[in-house]
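The two complexes that follow have chain A in common; it is paired with chain B in the first and with chain C in the second.
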Partner chain A sequence: MALSIPPTPLRGRRARPGVVRSVGVVLLLVWTLLPVLWALDLSLQTGAQAASKPAHYLPPTPQLANYARLLFGDGDIAESVRQSSVNIVIECVAATVVTVVLATLAAYAFARMTFRGRNALFYLALATMAFPAYTTLIPLYRIMTGLGLVNTYTGIVLVYVSGFLPLATWILHSYLSSLPISLEEAGTMDGANRMQVLWHVVLPLALPGVVSTALITFLSAWGQFLFPLVLSTDMSTEPLTVMISSLLGRHTVPVNLLSAAGMLAIAVPAVLALFLNRYIVNGLLAGSVK
Partner chain B sequence: MKLFATAARRRRGVLALGLAAGLVAVASGCSNSAAVSDKTSGVTINVVESAEAPPKAMLDQFTKQTGITVKWTNVDWDSLQTKITAAATAKTYFADVTDVDWSRVGQFAKLGWFYDMSDYVDVDKLKADLPQLNSFTADGKVVGLPGDAMFMVTTVNTKMFAEAGITKMPTTIDEYTQDLKTVKAKGVVQYPLNIPFAAAEGLSTYWYETTGAFGGSVLTDKDEPAFTSPDSAGYKAAEWMIQAVKDGLVSPGEINTTDSQGQQNLMATGKVASTFSDYAGNVGTLYNVKDTSTVTGQVKYIPTPTSGGEPKNLDNPDGMGIPVTAKYPKAAAKFIEWYTSAAVQEKFAGLGSADQLYSTFSLPAHLTAVEALANGDKLDQGATLKQMFQNSTAPIFPGGAPTWYSSLSKAVYTNLHAAAAGSETADQAIKKIASTAKQLASGS
Partner chain C sequence: MATVTYDNASRIYPGSNIAAVDSLNLDVADGEFLVLVGPSGSGKSTALRMLAGLEEVNSGNIFIGERNVTDVPPKDRDIAMVFQNYALYPHMTVAENMGFALRIAGVPKEERNQRVREAAKMLDLEPYLDRKPKALSGGQRQRVAMGRAIVRSPQVFLMDEPLSNLDAKLRVQTRTQIASLTRRLGVTTVYVTHDQTEALTMGDRIAVLKDGVLQQVGTPRELYADPKNVFVAGFIGSPAMNLFTADVTEGGVKFGTAVIPVERDTLGSATQVTIGVRPEDVVVSLTESTGLKVEVDLVEELGADGYLYGHSEVDGKRTDIVARVDGRIHPNAGDTVYITPKTGHVHVFSVETGERLGGAVVD
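Right after this comes the complex of A and B.
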């Protein structure tokens, strides 16, 4: 016999948060995804369709001509897209590798070693995250000029590393601090030195944290505009994010082409975020629960 | 053992000190490290502009003539302004030739960020044929030469006007307004006038042009606001623009439309019948181009309607200048002289061979070149444009744009945008703009 349970005030109250949550999630999704979908819609339209009013909420005759022009066209645009895509990958991968290596060493030192001024140095490094980018732009530009590193991969990567190192160190410090120290002590008892303990004991355990840090660094580097804009002086080092802006004419805005270029630029971070989002969340929450 | 530890610590200390000293030396020694060279042959100069590169055939010709190779980089206008500012502030080389927009002339001259072109080129000789040279002169310095002849004009879709029974083009603001009302009343188009009310630079320039049409200018010779009185041209221009929204002559959606969007998405697609402050050259480069327009052959330039005086078309040109951090200033000057010459610009605009045509080039800066194009039938409505260029163009600020221009412009476009959106009246907008202008002019 089926029991019918009449709704109680309590059940009613429980149901409400679910509805509110669902509405909230839908609103959030609309808020975040609508601009991307709008750009996708425009990228599949011709110039005339994109300019028409009222706007087309779906492309009337979907076509990939804008993508083809950007990727396979004969002119300067396709060449620039190809070169700047290579540039952005090189710069982001190099910045990520260097940042993660340095951050791991720094985080381990701050988490496990005892030395004078440890906390002061750690918080000083973190404090640099509060500086707006514009405050360091000119000094960094002058330093890079002095070192002859303007318009080089090295210069751009070094600036990225200096910018992302504090956050990466913080994430890994939180992660390493949460690991049991007894395993490292066991390694030391077995005769391993600091670097051996770090390499053979700590890093395997901290791998999820390292992956999170690498992802967050890579995504942050991918989204950079101001620093590479100033530090790149031609197509040899200009990343895709900067190159896209040059599609704007002085008195014309090719929205369909710009939208297609935008979609290409977000493709890599979107795939990473989609498939590896748990690492990103882990990284951002590292150390929040002990 | 302790001795070794102390020695190791000392070594580390020395190493750290050395590293710090090195960094300080690098940082302090980073003033303009580019060596300046007077070479005018056998060098490569960097030209960074917000435009596609000119035809290869033309650049090759320049290299053959001078021995100077040109490396051209295209950066969008806004980003280029950031690069110019960053490089100048950091006293760092980034280009030998770059953009000098009319709106930044006062700032560049005052801060000494660009070489005085009169040190390299005989500017007095050019004056008669380059009407817009005044827009690049401030504090007695010529910080650039005009690279094109951009100025503001009024465009009308004559087919739409004809459908409303209007065949005689308006010459006064009153006639123009009445004609737009007629176009609307006859149902030819719901919103006949394009005013780009988005909070952006294009809105400011629209107001300057309208102010000129009402017979005045925005600032006095002493850079004080000339638009505070309800009788002033600037005040009337702002009122006219806001009233056009209230009267339904301008679409309410235009509060989010920039100047280029209005021209491309409204004027070029027949959604509006007129743009009071349009760009010279747009008929040829936008409205008569089948790929970008549905109104080919319909849009004409008309002498800017006024409140009674002579028609006035305000300059809005981009120029080319030499940053003081350039490596090859003399070679850069040779390039600018070549690029801005009448002979080269005629070829860019269509009087040369097909491989010399610069498709995105708007209008030559030289009167003689515009005349040659008009005579050669290579310029849409060339005769009209030439007449306007010769007789009615004028700088927006006769004494050059003030150093604080960007702050003034921001106050102009944010307040006129707010007035169009209905959150303040035209009077309130004008008062706020005036307050900002007074504050800026006083240097506080």
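Right after this comes the complex of A and C.
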């Protein structure tokens, strides 16, 4: 039997919320992206153009000279930018690797092994996330001084790892808990020990979760400012983020060059977020929808 | 190859004070196919997982051959298990799945591939060796799970309801395949199912469990003809045995208006007993005669046979009755029939304990 479906005035009804939403999205984008676009605009201008009043909303003669100067040129500023870029990459990669390895082992133990005080320990580790990080700044600095780790990669990486480990463990814990346990039992029956089960069975299945955790950790490490500001005392360990901010204090640094340095600092997380955003969402949602 | 022995083995889950498996004593002979059967919650899967080492044994011991494996970790027990959901490694191909145990054991690649191919041939899996599990049908996945167990040539096969995820037709086919395969390989097998038909068709012997307690172990025929108690009588056989309370009278037991001769020695001093008659062991009469008067509610036609479902008044209580009838000539719903058991086909149980009184029915 043919049913005649009455035409529903969907279009007319949907149009209004659509407009409101679009306007909202545009406002939000302007709000968040305008400073970035402004910096991008400045970074593509010459010194004279950047200093002109009224300002140029688009670079009159777009050029990459500022970037070239920072990346390949001579001079104090360029060298500082290059050295601090190396620093930030080393610190973030090392912190990410160490955090992910430790978090995976910890999360697996918390998810699958039974031992006295397991839950108490797990929630205690998570509870540290509730403390504002800054409250630990001074004690950490004292500890690092005592250990002779101030202004070393090791010191900064250790602090990052201690800061990111709870969140990483939590994300991986919810991910590992959601995997079917019978696969691990099958691995055990096939003669594999715990580490072999973890390596051959669990990790390949948990890879999306591991990637998420690594990304989130890396991006958090990249965005650090206060801790490295305190813990690095010179160019040998200072990350790009801290270095750029210190440039602000020097009157001699042209604003277009400074903008280019800022764009360099944004580039890495922006690219990661653009291409791997599904893993970020995946990681942050782990265990919440199941 | 090896024997398996449960020696007073118990499992009590943490936070519970009731044993999931209560002092299980069971011997499985070398090369035997033993089926653990029972309703859900009977402890059959727990018993299997205790043997696998996936579940702790709280008291008692488990032996594989002469070796006490009670505290041996699962990986060192040399047993292979087929899981209900197959538990295939989703990131590995069929060949990798089947060869994983050998890889862990450090078997050289050549030999590994050789053994995987042999097993694949046995199970008609050769064309699928390079596929991932998600690209296989349910039946193929089931065979890969079997293959993973076979490749290892373990001492014991454990199977935890391996057919429950297959459709009815495939289940019947696979049932016979598994039974013949394990017998050909001669590997001791412990098989868990809740399906009594599977148990009857596959097992050399069947162990019936209820509430963690072993009720009876025996060949399918023994369990069918000589159930030790009311539970086994009702659980084994489909449709289930008719069981109801009957009064003891002069010379036997009352069955409606008929009296079934039962020896006084069997009955002891009981004034009432539970009697059981299988649906195929009754004679149905449409004309009024002695026996139990039954109102027919429904007749299920299954081709050659049919099953008559009806109810009767026994001891003032409505009692459901099932009887096998001819598939073509049979009473219809609404009819009144009179049923009597075939001579020598009545099971008698104690009302108080549920235990069997007297010997097996004759065939």
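Points to keep in mind about this one:
Just so we're on the same page, the second predicted complex is superposed on the first by the 255 of 290 C-alpha atoms of A that agree within 3 Å, B and C clash if a C-alpha of one lies under 4 Å from a C-alpha of the other, contacts with A are read in each partner's own complex, and residues count from 1 in each chain.
As a working rule, a residue touches a chain if its C-beta (ideal position, glycine included) is under 8 Å from a C-beta of that chain, and two chains touch if they have at least 3 such contacts.
Bear in mind that the values here come from a model prediction, so they are computed numbers and not experimental data.
In the superposition on chain A, A:139 makes contact with chain B only, while chain C stays out of contact range. Once the two complexes are laid over each other on the shared chain, residue contacts for A:116 go to neither chain B nor chain C.
Contacts of A:51 after superposition: chain B is touched, whereas chain C is not reached. Taking chain A as the reference, the larger set of touched residues comes from B, when chain B and chain C are compared.
Legend: residue contacts after superposition of the two complexes on their common chain; A:205 is shown touching chain C, with no touch to chain B.
By the touch criterion defined above, A:188 lies against chain C but remains apart from chain B after alignment on the C-alpha atoms of chain A. The residues of chain B lying in touch with chain A in their complex are 26-27, 29-31, 33, 46, 48, 50-53, 71, 73-79, 82-83, 86-87, 89-95, 253, 258-261, 263-266, 268-269, 271, 279, 282, 286, 291-292, 294, 318, 360, 362. Chain A meets chain B in the complex at residues 47-48, 51-53, 76, 137-139, 141-143, 145-148, 150, 226, 229-230, 233-235, 242, 245-253.
Put simply, chain C touches chain A in their complex at residues 52-54, 73-76, 79-81, 83-85, 87-91, 100-101, 104-105, 148, 152. For chain A in complex with chain C, the residues that touch the partner chain are 180, 182-183, 185-193, 196, 200-201, 204-205.
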